[in-house]
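To start, the structure under review is shown below, and the notes come after it.
Labels run A, B and C following the written order; every chain starts at residue 1.
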Amino acid sequence: MAIIKRLYYSFVLGWKIWSEWAQWWIFFGYLLIRPIFGVAIFYMVIYFAQGNKAMNLFFWILAGNALFQILSGTSTGMVWTIFDDRNFYETLIPIYISPGSFLEKIIGRSLGVGVTGIFTSFFILFLAFLLGANYSIKPSFFYYVLLFLLTGIGFGLILASFSLFMGEGAGYLIEGTISALQLISGVSFTPQLLPTFLQKIAFINPFLYLIEGGRRSLGLSSFFIKEISSERLVYYSLLTSLLTITIGIATFLISEKIARRNGALTRKTNY
Amino acid sequence: MIKNLILNIRACLGRAQVRFIGLKRDLYWIPFDVLLPLLGVSTFIFIYKSLKMPPITYTFVILGGSMISYWLNILWSMASQLYWERMTGNLPLFFIAPCSINSILIGMAVGGIYATSVRALSIILLGIIFFKIPIYWQGLPQAILAFLLTLISLYGLGMMLSSIFLLSGREAWHLSNLLQEPIYLFSGFFFPIKTLGFWVASLASLIPASLGLDSLRQSLIPESKPFAFLSFEIEITILCILSIIYIYMSFILVKKIEKIARREGRLITRWQ
Amino acid sequence: MLVIETINLSRIFINKKTKKRIEALKNVSLQIQGGQIFGILGRNGAGKTTLIRILTTLLLPTSGSAYVLGYNVENEYYKIRPYINLVSGGENPGYGVLNIKENLFFFSQLYGIPRKLAKEKINKYIKEFGLEERAYNLVNTLSTGEKQRMQLIRGLLNDPEILFLDEPTVGLDVESSRFIRQFIKKWIEETGKSIILTTHYLAEAEELCNLIAIIDSGRILALDTPSRLKAMGSKEILYEIETTPLSLEFLKNIRGVSIIQDKYLDGKVSFKISLENESLISNVINKISELGSNIIYLRKKETSLEDAFINIVGRSIEDD
């Protein structure tokens, strides 16, 4: 019960810090502008290349990006939470020494930011509908949303483990890793286009199957890994999520111990 | 007059030196500032590949990617920099010093241009190695002219934004975040701005990166001429005009904003 | 020479959300002569920092005017800036990616100090401030005391005519605070320049300042030398006396004398008395001798600056 309470309060705190810098309608507009322009960029790129002849590819790209948003939003939130708390708000220490585990508080805080990832994701899908996408949402879609959220937390914890020891590098770490992951997870193009060595990495990358499963839950036909059935993808994705969150928690707990030993928690950078 | 000029040159070089030292000492940029934008833009190269577009489109994207480095530098290291300077307590010290805040901003720009150019060139180099992008090297002198004018007007715009952002608190960070994607779109970082249509492209030309990139593409990829928005000469002329306007405006704006900031106490407020 | 003058200076802040008006300064009129340490003493939120910020050209007054070195802070700020500097306690300006020398060099350039001269000055001060061993360390790795020493060096680089010190020893250890206080005194003696010091440490104000202005709720309530301010602490004349065994009944028979406190311990009597006038003390001493008792200890109790502060402001400097 106490854990749930702490998670909840951390979540509310995270949400408030994230959202209360402006009037609610400004914040809301802020959340909409990035996805709108992101979608517009993809559209213009495809329009420049093929006119309106490749709209299927466009909607396929949007679906991948929408789902990936949940994962990237949550994990990014986690890394920035630690960075901001330590360097700018100077709240990392009071949060750390307060009752309850650091892990719960960090998860709660970053979920406050992560929910906007879900919002952005749904908004991109909504835009796709408006532009004529023919998605047929299956019940498994919500299962995938949950898995993306869990995977985002797990992946965020892995990255946050490193960010405990870093200053500004944490920002580079998250952006770099997310960009690399996006490239090898079939988010915007089929992995077969990658150089051979990257293709090998892409196909052993579990996130590729998670994205593909998510796309199929929107009723989209597969451009690749057609041989794997949607049912099998459901299990693969669950496994990916559970594995990521387990590795995430383990890595974070170990890193926290090391960080406490070598004083990294209190180290600040202000360049 | 001369004494004042020397004072401001010293302040400018002093601030630029912070960036030079930072680049030398904070080596995170090597793996991340070069590879990261390259990874980001690679997505668009692969999309063009999947659409079976010719390799000149890869050059479009790589040149756009190198320009993104400058735009991000403008946003994060120019526009919102004064916000960070306020957070660390440096800003009041800039204002009580006798040098002009503009000299500090120019110093930031000089340091930023140096640091970002290293990154941008690395991106182009990696683009040539990994994607074998075709480049017409004979067009280099024209490209350098376009590039320099783009930088002058772009950093003039950056100085203007710095002044505006000075009035904002935590919103500065969000404003920077917010200005990323729209500018990626309107500057045609991944596609020629001509695709946006005449009127939108004309409005987009107010952002120096739009015409700068278009003229760079024209000079380094002769096959891109059919996709060019305006002729190279017109684009260069507009860039010259934009440079003068933005730099002049930034000087006017910074004075006005300083007055507002002093009146409202914004130079001293830290967390908001 | 008059270095600072304020005439009916007021500053109002308006909270944008609640629309609440906060009067940080109310009709402050001051005249400060140069060549001294002028202290502004007040509780947290009294208006000290607002006053400093107006005088250092960072903030405009809402009404009234202020002159620094004869220049108006409102429209002649650019003439003031070359001659002043500011060091605030508890803040660490500078760049974490630079070491002490690089940071100081950067700040020296904002004043256009020629390269060679700047480096000579920096080296001189680094030695004087005992930071030689840390000169090439990044500022992130410095202790709070070392950071504050670096900040004080920064404030001195342009040889300011007026150095504004806003709570310079706040949060520092005893040794660092003492070092800074001693340096300030020495600097004023050697240069004859001026320091405007805000503090809420009474002992610091008493030790350093030639004149102290006591500020509360945006108003200057008193302005005088520390000793005269202390005299304002109480009108009472207090004496502490310790004697061999004695009954204190006799004091009740001397008009104008009242007992404030008495203690009987180890065969001695300690008591504190209040006198209506100074001459009554001889009556008390004579009476003690007449009664056959010996005086072991006698001291006139001075009022402290704290007493004065409480008397003037109506509450202690530490009260919230």
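Throughout what follows, a contact is a pair of C-beta atoms (placed from the backbone, for glycine too) under 8 Å apart; a residue touches a chain by one contact, two chains touch by 3 or more.
Bear in mind that the values here come from a model prediction, so they are computed numbers and not experimental data.
Enquirer: If you average all the Cα positions, which chain's own average lands nearest?
Expert: If one averages C-alpha positions chain by chain, the most central is B.
Enquirer: Most remote chain relative to chain C, going by C-alpha centroids?
Expert: Of all the other chains, the one whose centre lies farthest from chain C is A.
Enquirer: List the centre-to-centre spacing of chain A and chain C in whole Å, with centres computed as mean CA coordinates.
Expert: Computed from C-alpha means, the inter-chain centre distance equals 54 Å.
Enquirer: Find the geometric centre of each of chain A and chain B from their Cα atoms only, then give the gap between the two centres in Å, rounded to an integer.
Expert: Roughly 28 Å, centre to centre.
Enquirer: Could you put a whole-Å number on the gap between the CA centroids of chain B and chain C?
Expert: 48
Enquirer: Could you tell me which residues belong to chain C and also touch two or more other chains?
Expert: 92, 95, 97
Enquirer: So which stretches of chain A touch two or more other chains?
Expert: Residues 270-271 of chain A touch two or more partner chains.
Enquirer: List, in ascending order, every residue of chain B touching at least 2 other chains.
Expert: 22, 26, 88
Enquirer: Could you please specify the touching residues of chain C with respect to chain B in the complex?
Expert: So the residues of chain C touching chain B come out as 13, 53, 56-60, 78, 81-82, 84-86, 88, 91-95, 97-98, 102, 105-114, 154.
Enquirer: Please give the residue numbers of chain B that touch chain C in the complex, ascending.
Expert: Residues in contact with chain C: 3, 6-8, 10-11, 13-15, 17-18, 21-22, 25-26, 88-90, 92-99, 104, 259, 262-263, 265, 267-268.
Enquirer: Report the residues of chain B in contact with chain A in the complex, numbered from low to high.
Expert: 22, 26, 28-29, 31-33, 35-36, 39-40, 42-44, 46-51, 53, 57, 87-88, 169-171, 174, 177-178, 180-182, 184-185, 188, 190-192, 195-196, 271-272
Enquirer: Would you mind writing out the residues of chain A in touch with chain B in their complex?
Expert: 21-22, 30, 33-34, 37-38, 40-42, 44-50, 54, 57, 61, 88-89, 168-169, 172-173, 175-176, 179-180, 182-183, 187-190, 193-194, 270-271
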